[in-house]
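For reference, the structure I am asking about is given below.
Order of writing sets the labels: A, B, C, D, E, F, G and H. Residues in every chain begin at 1.
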């Protein structure tokens, strides 16, 4: 699938420390596509290109991005570092690595000091990161927000319908 | 301090399972006050008033609320249950109780299934929950959003200034 | 195997958030079948159909159900939410998901606040959930209870006999 | 408070390894008192009087007890050992000791092998153990059960009322 | 391999809750064989044959056994229960089961209350359990003890030689 | 209390990394005193006097010691290092330090590689370490062993009597 | 005590996110003073002054610093971020905060991705951080290094002497 | 690959408890090769050849080694024991074994007492151990140090270039 919505300005930036995180993180991109939210995806490594990472975070809102989604594993510093230099909401996705099943990633992302929030989702929860970005845009006051709120409610109704169908399948 | 911004419509709902969570959660309210964001605070217990809790979540966006902040401890179900019935972004604050130092609260809030995101902050991180709500509103396209973005950047500059002052104090 | 005992009124409700939990949860159904206890099994998702979940819990005892068994994983809210709206005993089964080996599920189920008990069994312990439901019915004062107590004692004698046979097999 | 309901036959046995567990476990007794359920409380140590413990478990149902509540800490063997010799439902209360905050107690109680269930409640959750015993008796078919179901629903309504009052207190 | 040393009186009893533990526990038997220490191996389940388990423990020293090795997993009660009824040293082997990688087994075995010690070895550490039994017998004052001490020192010299050989292999 | 049994040859060596461990470790000494087992207590630091520590372990059995008890906290290397150079049984006591409540101490002591066993007791379990040393000596074939077995059975009967008395106190 | 060695060029930079970390971190400074190693101490916050933090790390070696010591708590990003922009060895000190006893700090510091090492010491282990900085300088080829190696060996001999004295105190 | 740099004096000693650790530890050797730093690799087991291990540590600096890298798993005592007898910086690599995913190894290595530092890297982080050794040598005052600092900066620039290339690959 595409890692950006090429013709239109991206509203969400999906970043990760390495393209090896993409198998986890692409669920965020797919979700944004489902809701028609434009995005860009990129490798922005806190530990391998710190200055560019700071620049990415500092400039994100001036480039028109409205939400950042950052995935990272182990000593996962990317979401928190971005959050420290942007006024945008930053959503952190703990990526599970070879050891500790993502617990290190989770704690490294969620236990931020007062002043610098990261909206953390579950280990490997990139789909929920995408949905949280949609909800964030949907909390606005513009027509896109209203449209997204409607889509979210349709989405939630679909989830319920799927759950009902699963129940039916189980009972039959 | 006040638990609501009485004259104006609340934009953020701060809810918790018991008023015993208020000593933790009031930091969210104080933060919203600092940024001039209106809010309401209430006890909405997932386990003691489930139907009203569902109603609160279902109606939140129709009442004009734009972000929910929910604090809960132990088997902390309030943030996730609200997230399941509202299209709004829900911010979850793991409240530490007598045992496990908030680890149970954290996992109960952050490990949500795909489809129902909760934006989780650190254990006891109500101040960051407030800031995340501000960032969410600041990600919008209206004039309040632009004003909040400015305030957030001033806030971040103040954090930097305080850190510099602390360094000076340490060095002198 | 069948997911209900069709001709007779179910005494136990086995519910889970998704039919993907059935491979774990069917052990509860099999156990009830072994003891001749009637049951129904269904998908009742706390996070995808919250209102119906509340209804299911609220009405369970009026429909003649006497015990609920609820399986859930991750931020596992189903057992506790059902317990909050029913006077019936609710047995919670922590289902292990892709990460944390069920520790998140366990803590999300067992660490309920005072007032709303969930009878928690081991991670993946659906067979024990079935047995606990049988013991609950067997603690009654009616003839079914007496018969189940006898069956449970036979069952326990069988477990001992199997253990003896295993010892014999080991020694020979 | 009294540790038994002297004039009438006890329906619930509350046991613990030492009277030092009583400050935690008495909440179970108080709860049973609230609901008018008779009980006995005793020290039955798995590790200091194993044979008597086995006898206690083996004979419990023949003495008219219908539910056992067992509290234990650390390598907490009492609930599981009782469950292995009685057909009654056994409710386990993990008692927190000087180290590990009850995690060892919880795992030692809840992770029972298939065949021998223990209905585990939260660390220190003796009040919920009492309520679970009440729910168990309330799941029966006799008039006491019906009366207890009514009381449980009143109890749940009271919890809701208290939560409402707390909300009011918070808002005012 | 054989699970006992048939012609001679066993000095060590190796017990486990199920023959499914044998693949882990047989390393203890193999070790005793290496050192010429007689043993018996049997299934003695704390949860499936509690009374026999108590009998096994109570009579072990009268039958001439001098050390017990007990393997168990999950809510692992066998080592501690045996320790409570025998004056013999009991060595506990935490067996890893499907979840939690043996942490529940370890805590259930090692965290015994004051008065009832269990000599706990590592998760799955049956070989070390066998060696600890040998060391225990070797700490005596008789000729077998002296012989075992010699063998243990030869064994330790062999370990050193193997480590040297591994170093050589690595360097060449 | 005395840290040795001066007039007679010590049978048990109690060692620890610092005299700051003595408040925990003295329970081992008290227990040996209760049973009339001679001992010596000393500071033998793995990390501050490694060569002497190796010497202590290497010579322990030649000096007539029959069991070693070693207490250590944090990265607790003393029990395992002693076990690597002595043929005697080594009992390890995890001492809890300022952080992690002894979990680091426990894992550093119990998770020994195959070949080098440490008989680990609970966090802070020095009394059980003393009792395990007594059981070890009691497993011998000499008259002291027989006498200690008798004392251990009296001790166990006393534990039962105390438990009965606690039950009586609770019931009255 | 002084937070720098004013007259001479600092060789070690001790940095932390806030002066509230100083009570933990000053042990590093004291240790460097003991060994006559010059240092500077400053507040350099990853989350409150990210750009300056990057500058600090980038320029450290050009300013003559040879080792960095960085203390941080919770989602502790400072040591890893500095390590990503400096060629100097960076020593990370996990500072324990209000929850999780430093486990989050430890994992956030130690679990760095391949390519960017942080030399992590124990939770709160600032003294060892100082000693590690001394050892690092002592591993050099210049006269200071040789002098520091001598001092380190004297220091180790003193530790041994203290341990011996503690043993004497215990035995007397 | 070679386990030593045969013609020249080794500057770094890479040691491990068994050659079974080599698949993890060889990444340290490869890294040193990349930077042209000489090394030796050997099996030095704390638990199987304690006296030689002490000798290895005691003599390391007299043999010209300047940094030690020690890998160990489970109750991982090698790094700390070496650190206690050498003035050299010791880098510890927690090797993950069959259980606990390296958490036991990590805590056994990192939680060293004040006075004896070990520079701990991530679980399985042998490559970072190698890089930390390089940074240590690079912190010196000689020409090799200056050359290594240059190489490290080239290395860091390469990491950044690779991250950029990965971003490009992701975007295209």
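The definition used in the following text is that contacts are C-beta pairs under 8 Å (C-beta built on N, C-alpha and C of every residue); 3 or more make two chains touch, one makes a residue touch a chain.
These numbers come from a predicted model, not from an experiment.
K.L.:
Have a look at B-C, C-E or A-B and name the one that copies the E-H interface, over half of its contact pairs being the same.
P.N.:
Answer for E-H: the repeating interface is C-E.
K.L.:
How many angstrom between the C-alpha centroids of chain H and chain C?
P.N.:
Their C-alpha centroids are separated by 51 Å.
K.L.:
Quick check: how many Å separate the C-alpha centres of chain D and chain E?
P.N.:
Roughly 35 Å separates the two chain centres.
K.L.:
Between chain E and chain G, what is the gap in Å from one C-alpha centre to the other?
P.N.:
Taking the mean C-alpha position of each chain, the two centres sit 44 Å apart.
K.L.:
Taking each residue of chain H in turn, which ones touch at least two of the other chains?
P.N.:
In chain H, 17, 47-48, 74-75, 84-85, 99-101, 103, 110-112, 115-116, 118, 122-123, 156, 159 touch at least two other chains.
K.L.:
Every pair of chains that touch: which are they?
P.N.:
The set of touching chain pairs is A-B, A-C, A-G, A-H, B-C, B-D, B-G, C-D, C-E, D-E, D-F, E-F, E-H, F-G, F-H, G-H.
K.L.:
Which positions of chain C touch chain A when the two form their complex?
P.N.:
The touching residues are 3-4, 17-19, 22, 40-45, 47-49, 52, 74-75, 98-101.
K.L.:
In their complex, what parts of chain E are in touch with chain D?
P.N.:
17, 46-48, 50-51, 54, 57-58, 73-77, 80-81, 83-85, 97, 99-100, 103-104, 107-113, 115-116, 118
K.L.:
Using the touch rule from the top, collect the residues of chain G that touch chain H in their complex.
P.N.:
By the definition above, chain G touches chain H via 27, 61, 66-67, 84-85, 87-91, 106, 110-112, 114-123, 125, 127-129, 131-132, 135-142, 144-145, 148-149, 152-153, 155-156, 159.
K.L.:
Where on chain E does chain H make contact in their complex?
P.N.:
Against chain H, the touching part of chain E is residues 96, 101-103, 122-124, 156, 159-160, 162-164, 166-167, 169-171.
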